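Structure below; questions to follow.
Which chain is which? They are A, B, C and D, in the order written, and residues in each are numbered from 1.
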Amino acid sequence: MDRSIIDKQFRRVPRRPQSSQQAGFEERVRKAISGQHFSKTLDITPLIIEHGQVTMSMPVQPKVYQQMGYVHGGAITSLLDTATGMCAVTLINEDEMTLTTELKVNFLGPGEGDTIIATARTIKDGAKLLIMEAEAMAVFADGSTREVAHMTTTYIRIPRSPQD
Amino acid sequence: MDRSIIDKQFRRVPRRPQSSQQAGFEERVRKAISGQHFSKTLDITPLIIEHGQVTMSMPVQPKVYQQMGYVHGGAITSLLDTATGMCAVTLINEDEMTLTTELKVNFLGPGEGDTIIATARTIKDGAKLLIMEAEAMAVFADGSTREVAHMTTTYIRIPRSPQD
Amino acid sequence: MDRSIIDKQFRRVPRRPQSSQQAGFEERVRKAISGQHFSKTLDITPLIIEHGQVTMSMPVQPKVYQQMGYVHGGAITSLLDTATGMCAVTLINEDEMTLTTELKVNFLGPGEGDTIIATARTIKDGAKLLIMEAEAMAVFADGSTREVAHMTTTYIRIPRSPQD
Amino acid sequence: MDRSIIDKQFRRVPRRPQSSQQAGFEERVRKAISGQHFSKTLDITPLIIEHGQVTMSMPVQPKVYQQMGYVHGGAITSLLDTATGMCAVTLINEDEMTLTTELKVNFLGPGEGDTIIATARTIKDGAKLLIMEAEAMAVFADGSTREVAHMTTTYIRIPRSPQD
């Protein structure tokens, strides 16, 4: 089999051109994240917002520690889920919203360093379901990095009712 | 096939009698949870602590909301993971600790009501791995309830070093 | 908190009464399973078919072995997925079909014995999504049993087109 | 934050140089796959065997169909799990073997075409656990392709006893 066929795997390029209905996704992501109390509780902020790929950042600080002084797995999952949720916002139309139906995290190393960053990208941009993956990485003061977690997750598109 | 054989499935009774090394697990759970900054950030408290089964509670309050006014999926996962983590503490020996290796959540309904409670119980109490499930439920002021999420997760046992 | 509230968790009773549109689900399950070449390849057969709960059986035989002489994890997953798929058939209307969107398996012990049986039951019977769990158990010649695997999975309901 | 830090994410390069103990992994993979009855039942064959990355192929044929004439999700999972299992063989020492502890699959499209190929690669090559991802793709007679499924999975390293 031609190696070029195999090399098509694991590509995460946007599957569909951005439609006019998706225009303004950056503003919608910023509005959504600023309306999230929980992201504020964890001091999560957006670093990069692109069509189908989003990077968020969370400082490593005592309020997210578990009993051993590392970032709690739930806080890491929250960062990953926030990144994929905002990535989903870049893919939906203005009259849609999304709900998380499932997520799965593999933990790769301790949540430590100065900051945890998480990048979400699109596995499938479907008519009904959005499937994403995200990866969290610890960034230390000296710029070195270490892998923390990998997530896959599914969102379902639902119509936004007028009052939402 | 004898129906009684099939009825052995989905049982979640303790697989092994509690050993003397596990004595005092309630005190160890209370110590672990009180040392968790993140649980305090979310106001998570234990309701029931048994050998192989633990129930935790988290109030529904603005600081855990997502942008639609429901509890953020990351906060729900944090509650579930705290319940399973404490359930793991009831199953390990004094000279052991555990690390989460993976978790998967299916979301069943919105995070709402007065309180979310999560009960964790044991699927497999193995020599190397602990496999758990947990379920989160919204409890409303009138005592009515609604299912919120189901999780399965794996912990690995590791030796506790003297200074831990 | 009232213990009776906590005891509502992990219940797997049918969420909705069986509608007239679901009548005849047993016949539809038997028709679906008999149309599955792959189930025949693995000699999977139904043991119990109820509204929202289904048990299937698969013999332990060389053609499903991995290199160590146990049943391959893929064959166990196939049995679990067949059980949940048939369980989904008991919950949908005549004019619907389902697609698996995701599945996650935790392996609990080796696939051995005379027969592996898998029981699927319903976690959520939703308007758009069906969420199920299933458990696989090894049954030995002497009637003793051992747990093999636990799965959670999501199906999406889709309209059946006239020619399906 | 420096974009070059973010670009470190999602890299799947070998984490550690191949040790002398891992030499001969290709031969060990070919021996393992030839000892798998289940892979033969599904006609799964290796296409590419590298240190930390393996591609396997499975023909689309009636014996793996579900009732709608597509490849059964269980057969796709079996192909993915075989690819990751053989990828694990390229990472372990001669005196080790591995057991699957969990797997999660997201289905992206129907199992169709002439052949399904699956490539597995390494997320974490740890001292105790191996975490992998794999992707399955349908290949049609004209060389066109379509994504079928994505999997993440965990293997645990265990010592091989002399008689294995």
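What we mean here is this: a residue touches a chain if its C-beta (ideal position, glycine included) is under 8 Å from a C-beta of that chain, and two chains touch if they have at least 3 such contacts.
The shown structure was predicted, so the numbers you read here are calculated from the model rather than taken from an experiment.
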Practice prompt. Could you work out which pair in A-B, A-C or B-C copies the interface of C-D, where over half of the contact pairs coincide by residue number?
Written response: A-B
Worksheet item: Considering B-D alongside A-D, which chain pair is linked by more C-beta pairs in contact?
Response: A-D
Practice prompt. Indicate the whole-number Å distance between the mean C-alpha point of chain B and the mean C-alpha point of chain D.
Written response: 32
Discussion item. Nearest whole angstrom, what separates the Cα centre of chain A from the Cα centre of chain D?
Written reply: 25
Worksheet entry | Touching two or more other chains - residues of chain A | 101-102, 104, 106, 154
Discussion item. So in the complex, the part of chain D that touches chain C is made up of which residues?
Written reply: 32-33, 35-41, 62-68, 71-75, 77-82, 85, 97, 99-107, 164
Worksheet item: For chain D, which residues are in contact with chain A within the complex?
Response: 1-3, 5-6, 8-10, 12, 47-48, 55, 57, 104, 106, 108-109, 115, 117, 119, 121, 123-124, 131, 133, 135, 137, 139, 143, 145, 147, 150, 152, 154
Fill in: Touching residues (chain side chain C, partner chain A) in the complex
101-102, 104, 128-129, 154, 156
